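Here the chain labels run A, B, C and D in written order, and each chain numbers its own residues starting at 1.
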Amino acid sequence: MSFSLGKLFRVTVFGESHGVGVGVVVDGCPAGLNLSESDIQVELDRRRPKNPEISTPRTEPDRVRILSGVFNGFTTGAPITMVVFNEDVKSDYYELIRYRPRPGHADYVAYVKYGGFNDFRGGGIFSGRVTVAMVAAGAIALKLLSRFGIKIVAHTVNINGIEARNYDLSDINSLEEVVERSPIGCADPKASEEMLGLVKKVGEVGDSVGGIAEVVISNLPPGIGEPFFDTLDGDLAKAFFSIPGVKGVEFGVGFKAASMLGSQYNDSFSLANGRVVTKTNNSGGIQGGLSNGMPVVCRVVFRPPSSIRIPQRTVDLIKYEEVELSLSGRYDPCILPRALPVLRSAAALVLVDHLIISHVMPRVLR
Amino acid sequence: MSFSLGKLFRVTVFGESHGVGVGVVVDGCPAGLNLSESDIQVELDRRRPKNPEISTPRTEPDRVRILSGVFNGFTTGAPITMVVFNEDVKSDYYELIRYRPRPGHADYVAYVKYGGFNDFRGGGIFSGRVTVAMVAAGAIALKLLSRFGIKIVAHTVNINGIEARNYDLSDINSLEEVVERSPIGCADPKASEEMLGLVKKVGEVGDSVGGIAEVVISNLPPGIGEPFFDTLDGDLAKAFFSIPGVKGVEFGVGFKAASMLGSQYNDSFSLANGRVVTKTNNSGGIQGGLSNGMPVVCRVVFRPPSSIRIPQRTVDLIKYEEVELSLSGRYDPCILPRALPVLRSAAALVLVDHLIISHVMPRVLR
Amino acid sequence: MSFSLGKLFRVTVFGESHGVGVGVVVDGCPAGLNLSESDIQVELDRRRPKNPEISTPRTEPDRVRILSGVFNGFTTGAPITMVVFNEDVKSDYYELIRYRPRPGHADYVAYVKYGGFNDFRGGGIFSGRVTVAMVAAGAIALKLLSRFGIKIVAHTVNINGIEARNYDLSDINSLEEVVERSPIGCADPKASEEMLGLVKKVGEVGDSVGGIAEVVISNLPPGIGEPFFDTLDGDLAKAFFSIPGVKGVEFGVGFKAASMLGSQYNDSFSLANGRVVTKTNNSGGIQGGLSNGMPVVCRVVFRPPSSIRIPQRTVDLIKYEEVELSLSGRYDPCILPRALPVLRSAAALVLVDHLIISHVMPRVLR
Amino acid sequence: MSFSLGKLFRVTVFGESHGVGVGVVVDGCPAGLNLSESDIQVELDRRRPKNPEISTPRTEPDRVRILSGVFNGFTTGAPITMVVFNEDVKSDYYELIRYRPRPGHADYVAYVKYGGFNDFRGGGIFSGRVTVAMVAAGAIALKLLSRFGIKIVAHTVNINGIEARNYDLSDINSLEEVVERSPIGCADPKASEEMLGLVKKVGEVGDSVGGIAEVVISNLPPGIGEPFFDTLDGDLAKAFFSIPGVKGVEFGVGFKAASMLGSQYNDSFSLANGRVVTKTNNSGGIQGGLSNGMPVVCRVVFRPPSSIRIPQRTVDLIKYEEVELSLSGRYDPCILPRALPVLRSAAALVLVDHLIISHVMPRVLR
């Protein structure tokens, strides 16, 4: 257990893939933010499968309901609770995997950790469905950030080696527009088309594919992050690792830094429009664990989704023997398009918490 | 501020590079562990510069003193406080950088965050020196882990593109031995020699170089990690990001997963010696944020150290103009060799906390 | 904000008096506990008004619904979410007090803290209604405790100077029975009758009255509590102070200790049935912040409920002038009878958290 | 374990009565506070035994040393570590009580909790000596509060039934002066003399006596406290219960509220000098867990110190038989005079944390 994230802006998620629903309590939201269910719904809709050719056929309306914390159209300072009830649930099939864990999935570790009491249907709490709760909470965080002019865009930069190369980080608003137009969330139109074709093909043969997303945060003031342990990069990374499928996080040039010299890597300081800036942004906007005022840029790798139709080898935990596992049904062959709003949300949750701790964002908005 | 890490096994570090000393309070160590200052000293000595050709000439004896928590040779259950007093401190020179932040370093963000009150000498709390405290605490954690047969090895796998290819993860004890023999902590003797040569050359011209370390954890039981947010990978990543210079963390095949299909990536389950194992370990021993019983394998990239002798451009924060900055003195041209024990310590701190939370490690040892 | 309590067994309450409902997320409940909505309902029913003569006429069925964390009749290790929807809500009247805070109530401080954005209807989050959430969570905690033979009884010992004198703490089961039979939760039948008469009379004239409850915890093992700051008494007290109306907490002989000598107060150790016991229990079962194996006994004072019909003086926060405030409607003239299950719940929540931290209660029950 | 208190202003105490020393790490102190060792020393000196006739003869100079967090006379935003080394330690005698726990003391529970590994000398971590660390941290908190005009006075109001009646809370500065003049910290000169006489007499016969202290906090702004669980009264009470010997805490009229009617108890609002005030202060300045702008007034009862020379009955934990225990040496017969600065410190620590959380106190002072 540890379904809470954050110190002063603290979200607690709950729910299971095939249970009654999923939801979240947001504790510590500043009072005075105008907020309605439609503000939340917009973000949830972004997370829903857009393209039937590359997505699970589970179609949930994902209607959010606010249970507490909003009064007369404004946040009150009290915990905001939101619930999305599950509707399109078909669980019978999951008896199959109860004792035959899917390779790559959390079925096995959940069985061990919870002594077999875990809700295995659809992966239970380990399902991507729990990210609905993150997105609902993230919608509030994003709205708070927009009050401070802070913007977050997540986009797909690599699927199975197809790289987005042709895009521009300098104008975050136009970046966002381009990304929204791509069914796969890729800012490079040519790469987007290639990616889409590949994902379809992979899906057709019952396989899946991984990818890399980039998260860009603009207009964050310098000095955000709490040394020594609650660094901004560390807290972002931790939040990202809670998203199912994430296997790596890097900031700025990331792993490429291994092959660079200090004289190449160091971002020289200079002045622009009366502000201290850096000429390059190899460090991805973070130094010593704190934002430096430049855009925060990080990349997150997703493993290929573990649920595939291609037969696989696993173990029967009762009979204690190796068996073959064949999953029927259709799954997301690539999670990137639907993971992008989750990444934005995760980043937004971390940022709001840090801004409140840093006293940049007040506890009551006016 | 947030100089504490962990929930039940909680360390609080303190101290500055050029202050009285650095230290740590370890709160929540199980009672009954036999412990002496020499147990700590062994790990601290591993962190000290070994090779004068590739290290800073600051030579600290780094003698640790235990101030509390140990009685009659055993831990008591009370907080264990350890201090290492600074000795070889030369601070005058740092006036130079007080208002002229070193590119790549935390000088600028610290100035902004703390309103100019920060102790800028030697980077203050942002100095690698604070990792002495992590290593002192880590020594206790490592000793606790060894009681449970859990072992951690960190080794250098890449410096400036020179890759360690020839090494074997299957026997962690012999891996450790090979790594200890390398002055640069590399398990591939041929690569080790190349790396050493390169680092020397880079140091001679006053530049620095980055690299990648791999952390291997063996014998961890399955089910360690607390969904949804306190995942094992997320907590390890967060701890690693607190180490100065870390810019990326990946588990298993990491970013390579972007180019893999699910049918390639998924680690099939099988049985070996009556235990459930996976045939491959692409996921790096972690699924759904929990250990799966296989070795945990992760890679951490370090940026090249920011302090270099080559002149750089920066900004004078008082005169508000661009200036050239020339650092004299000698610095670590590559931090990898000295970062390895810090990585081990960081991992150990996270693991002990999780083992206590999981009730695998009891609060009183017998 | 800070609607969460506990470290490993962590409850997060939400909801308002006149909003959609109130609820709670219980994160960290051990897996494997058999649990149904009726287990919760039993405790909620104890909190409902029993006696129309001495209670508010707001009659809520208080039907609980479990939204997550229970599967096939057992807890899964995932967060358990429970909601009670509000039904009998009449809010119009509260416009009256929006800018005219009731003396004694939190109306004024809420207005100041949340900049007027607080949900003032029925006191919002400051209403006793939020304790429904505590009782729902407490029902789970009490069930966990019963597995370990630990029992908690709360009873009324003083209302307006009428003291319960004739009762026996030595047999907690029979104590519980007697308390349950009293409409006012008093174990001394004669005092119970007197108290009831007084409360009725007070209610008839539109006034209210305070009282003292005693909480008794039996069968708690010694050594529970975490020095230095997370003492058992400190954590119990903190939990009690979150209950609306609590103004003081004392353990054992409590404030009477001021007039005792050490030679009178010290509880001598002795042996009974092979166990270390104390001959007296002046310290209320807690020494140095830890349970000592004797019954934990503490007393909690409740101020008279602040909502009364008798006219009072207050301030109009808009017109900024003194005004008279006359509340119509009926209120609980004495909160004690309905506060008893809340006290039990609060104590149970604290105990389960401490037992898990102490490794007495495991994370998976078998 | 849990030697830390606070969320954003977080203190971690360490050390034992007869170990190397006691100390504290203060993490989260705003940067920019001018601070020197003498600021700390002033408060520590207040805690030292003043009157040889009524105090332990253990005379420690209690010289504090700042190890980190202060630079050029100002706090830097980094953790402030302070240590007081123990000097006047005589431990041999404590072998006597190793297996023969003193009645009333934590000896027995410590033995059970830590499996006999606890440092039993002088009570180890359960000794009043650890409060040196609280006072050192409190000195910083008090200095921060004084910047905001907030003042705390603790004074003795009852020893063995002798009550202070003649004192005035309306002027906190003159209250402080009177209290400082009394060797027993009592604001009523006549009662002070009586108390002193009684304590001497009790000490001479080797007994001890309890008492009640009152803590008064003036000038706290309204709205401080975080519902639902981190109430101001709850957090103050929890901090007080960590002080050895505390057995009860009440706010305002406290337990007397049990015998009051709502019409008597409710503090009517009125206007004074353009501010909302209450005419009475029965609630002790706290409503709904939040400060209401009136002085916070609470009372704390201390049990008589458990170490007395009068022979007592206890149990030998090895031989498992009842034995008589006779302590030689001299002890504090009454802890009140020395506990007053500890109470002030504890309150100050809680207040600073809450003020930072409420955004009243900024993270960098100018």
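Methods note: a contact is a pair of C-beta atoms (placed from the backbone, for glycine too) under 8 Å apart; a residue touches a chain by one contact, two chains touch by 3 or more.
Every value quoted in this text rests on a predicted model; they were computed, and no experiment measured them.
Student: Applying the document's contact definition, name the chain pair with more C-beta pairs in contact, A-C or B-C.
Tutor: A-C
Student: Let me check something: if the centre of a chain is the mean of its CA atoms, which chain is farthest from subunit B?
Tutor: Relative to subunit B, the chain whose C-alpha centre sits farthest away is C.
Student: Can you give the whole-Å distance between the Cα centres of subunit B and subunit C?
Tutor: Taking the average C-alpha coordinate of subunit B and of subunit C, the gap between them is 46 Å.
Student: Using Cα averages as centroids, what's the distance between subunit A and subunit C in whole Å?
Tutor: So the centroids are 39 Å from each other.
Student: Specify, in ascending order, the residues of subunit B that touch 2 or more different other chains.
Tutor: As it turns out, subunit B has residues touching two or more other chains at 1-4, 8, 13, 113, 125, 358.
Student: Contact residues on subunit C for subunit D in the complex?
Tutor: So the residues of subunit C touching subunit D come out as 1-5, 13, 101-106, 108-110, 112-113, 125-126, 130, 158-161, 202, 207-212, 222-223, 225-231, 233-235, 237-242, 244, 246-255, 257-271, 276, 278-279, 282-284, 287-293, 299, 301-308, 310, 312-315, 317, 320-322, 358.
Student: Subunit C touches which residues of subunit B in the complex?
Tutor: Going by the criterion above, the answer is residues 7-8, 357-359, 362-363.
Student: For the complex, which residues does subunit D have touching subunit B?
Tutor: 1-4, 8, 10, 12-16, 19-23, 25, 27-29, 31-32, 66-69, 71, 74-81, 83, 113-115, 117-119, 121, 124-125, 364, 366
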